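Note that subunit A is present in both complexes that follow, paired respectively with subunit B and with subunit C.
Presenting the complex of A and B:
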């Protein structure tokens, strides 16, 4: 049988640097497309002015109504006290969770016996929905800022602590051998092996914590408050002002995304030593 | 220096691993005697799991519960010994210079000074220009150069090397063997080198110690009288091949396929 050569199909290399406009990023294009599709459908279904008005506006509101409510409450300044109140609860509560949760996690991971003492308690509290503790916290701390800070702290601390402890224990034994081989003191082992090895775990805990803290803010404001985004949502819900309810939800979502990105920036800073993923 | 000083003297060294839960004991090394002179390059070869790493860890002080006697020469400066670990033993979160300076950091030397003192060794192993890179940015061979520099930085009398080239590809491995001989000559160290490659052991060493399967005992102590400096082509000389055959015939009976390669035997 005679061998035959077949020419390979050739295509030109696309060069991303040519052309006046930067090449659009597929991720951005399709992301925006999805956004437009959802909002457009929503508006079409619910708005009586710009759409079909198939659903009562009190149930689903509509993108234009929400925008309207947002502009009204921002320009009148009515929304700011709520944002500030929630912000305070978040900053103090989550800050306290960081300052206590990370050292606690490091200590539990480092001191075996401390782990034996605390582990049953942590597991039990970790498994309990913290929301169930809110009535008790209100009983003890009242309904002021203090009580909410405690709720936020409680919501966030466990995931931070547990993740940090996991990180300390996950440090490869090989690195401990090396440190020991060079006669590192306990403190040097902690500083040069334990801490760097657990940073990714700590940051994972912190990121999960940001979400939980936000839940803490909202839930505690639902139950007892006279200001805050959660209070704003609950209040407007009872007035059947669904546009404002949605505005509050969007504020929370935006806050959540911002915090997530903030953690990502910190993670990047610590990730110099790892091969870039994606 | 007096003509022959002893750098390491191990007598009847024996070691058991103990299972922490069942307390079952596993004899890893049985009655090992080994004497190494200052400046000598000695290799240990033996089947996987025979206790080579264990012996090195004992010498390095990582396994203090051994039986027997070990004495090492305490030099006027630097350390008695330092370990070059198996592959990817650099701290991934430190730059190359911080990794190389690690031993000094452990001695409490301030960062700036430690880095400055690490520089000559980075140069010696041929890593100039890579100081600020992270380990993942280096090839396996370069990582092992840094690993070697880290041990050299604390100025040890004996370099303990545990299969440092095992993970490298064949060509890089040969290159690193030649490099190691150059550095050994330049740094004037005693080397205790572990490998399971017979030709590597012969090429590098003044003496090759052959160990039995577990529990590890010394089967033979073979002098390698090949002239130095050695070029890589010496591996094809009749004397080299004869030594290889001799060591092979000692090791082959030790290789039974039921021997666990790694892990704890119950």
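Presenting the complex of A and C:
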């Protein structure tokens, strides 16, 4: 099946394979160029020992200063408690979102009337920036780990649920009809048709959820915490220690990319059996 | 035009017979309304009976009353205006910068390769994490929130835009090329229209991101705004006011998404209805 679509893609478009830049490396070369260009300019205008001092140290820091701060905080061990705290919030909150969000989404997609009842609520909460509820969650759960877990859970669950519901509903009607023609029970249809068909959607929801959960971690740590990467960023921000603020931001970005890629790997694995659909 | 497209979509779903009675026809609405009413009733009654802690969860009637009182205060409108300014200015700047840059990056391959590492990094990063540095740059006023709203929306818009340009149907490009269309012409007549749905998806995602920016920015450090109103209410345990503030954001989110859906429909008029499901 997949073989049919591949030549279609290949024949298209004048596609110069040979040129001044060998094509496979072009992406890497220009990517590095952009990367180096920004970092170089940044270093040049900054007030580090290599810079021209055009912008104050407090405002912009510089790549080398950030590297210094990172090395200091990693070797002194000051950063580890923050990473561990954020990690705990993330693992528990996101784990809870997975084990509640996926079954809820499956149920809403499967039972039409449950969908009707819950639809207005899901749409409303989906449209709400749920970070606005953090003050209330802090009121109810205090400022401990528990409150952050609730925030992370709340941030992540709805994308997962909504995406799962879409997946259940998007299962091709033809397959349903075939299964029903062969008198498959509801349970068999669910297990052999609906569930496999919704896996890609569930995984999309999970991937979006990883990002949302990270937002939950950061914002809840900004607002009330005594540890965590978000706390580290906010604290150093209030000391005007920009280098450390940027170090924290880079940590978060790295975390975000890693988690997203991790889910993408799983997505690829589950997509293998799927015939290519144009 | 509309008549043609409805008849097409009718044909694509031939098996649905008209539902027999009123209940069946309005099933969706009935269940939705019943759900909302039941939830509100349980909340209200539970709170009055003391089963639900009123201090933490308030009750619908109290939220309505708090909202009614709040809108009569001048301070509320000052807050409202601050939030509205942050949202609209940041979002508009994001639109006018992200769409052209996204189109350019999708069209010029090497520009995209150059931008890619930064786009990926910043898109994976929760942009609200930049707030502390934005506050160092722009201060506690409206400007730092505009910046965070802009950043939130910018990446949500630019990434689908680039994708839209790149996934333009090859057949259409080939046809245009076969007829000797110039690059500019291909861009204007093929790539542009094909990208519109992607841009709109980006706009829709951008609304949510922009709202998160407004709320977080104001909760974190601000002097005016609805986020400030929420944290003020929370500090004095006025849960009803807090939830009223949250509801305003909910309605803004719903309105924003609905408005974009209208825009989407407007741009989709020319498209023939899709056949099959």
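Structure notes:
Here is the rule we use: the second predicted complex is superposed on the first by the 247 of 278 C-alpha atoms of A that agree within 3 Å, B and C clash if a C-alpha of one lies under 4 Å from a C-alpha of the other, contacts with A are read in each partner's own complex, and residues count from 1 in each chain.
Criterion: a contact is a pair of C-beta atoms (placed from the backbone, for glycine too) under 8 Å apart; a residue touches a chain by one contact, two chains touch by 3 or more.
As the structure is a computational prediction, the values presented were derived from the model and not from experiment.
Applying the stated contact rule after C-alpha superposition, one finds that A:197 touches subunit B and leaves subunit C untouched. In the superposition on chain A, A:90 contacts neither subunit B nor subunit C.
After overlaying the two complexes on the shared chain, residue contacts for A:31 are found with subunit C alone; subunit B is out of touch. In the superposed pair of complexes, A:173 makes contact with subunit C only, with no contact to subunit B.
Look at A:153: by the touch rule set out above, it reaches neither subunit B nor subunit C. By the touch criterion stated above, A:222 is placed in contact with subunit C alone, subunit B being left untouched.
By the document's definition of touching, of the two partners only subunit C reaches A:240; subunit B does not.
Within the superposed three-chain model, A:117 lies in touch with subunit C and out of touch with subunit B [touch as defined at top]. Between subunit B and subunit C, it is C that contacts the larger number of residues in subunit A. Overlaid on A, the two complexes show subunit B and subunit C touching no common residue of subunit A. On the subunit A side of its complex with subunit B, the touching residues are 174-175, 177-185, 188, 192-193, 196-197, 199, 272-275. Interface residues of subunit C facing subunit A in the complex, by the touch rule stated above, are 27-28, 30-32, 34-36, 39, 56, 109-110, 113-118, 120-122, 124-126, 128-133, 135-137, 170-171, 173-174, 177, 208, 211-212, 214-216, 219-220, 227, 230-231, 233-234, 237, 239, 242-243, 245-246, 249-250, 253-254, 256-257, 277.
The residues of subunit A lying in touch with subunit C in their complex are 8-9, 12-14, 26-27, 29-31, 33-35, 37-38, 58-59, 113, 116-121, 123-129, 131-136, 138-140, 172-173, 211, 214-215, 217-219, 222-223, 230, 233-234, 236-238, 240, 242, 245-246, 248-249, 252-253, 256-257, 260.
The touching residues of subunit B, when paired with subunit A in their complex, are 57, 60-62, 82-83, 85, 89, 91-95, 102-103, 105-107, 134-136, 154.
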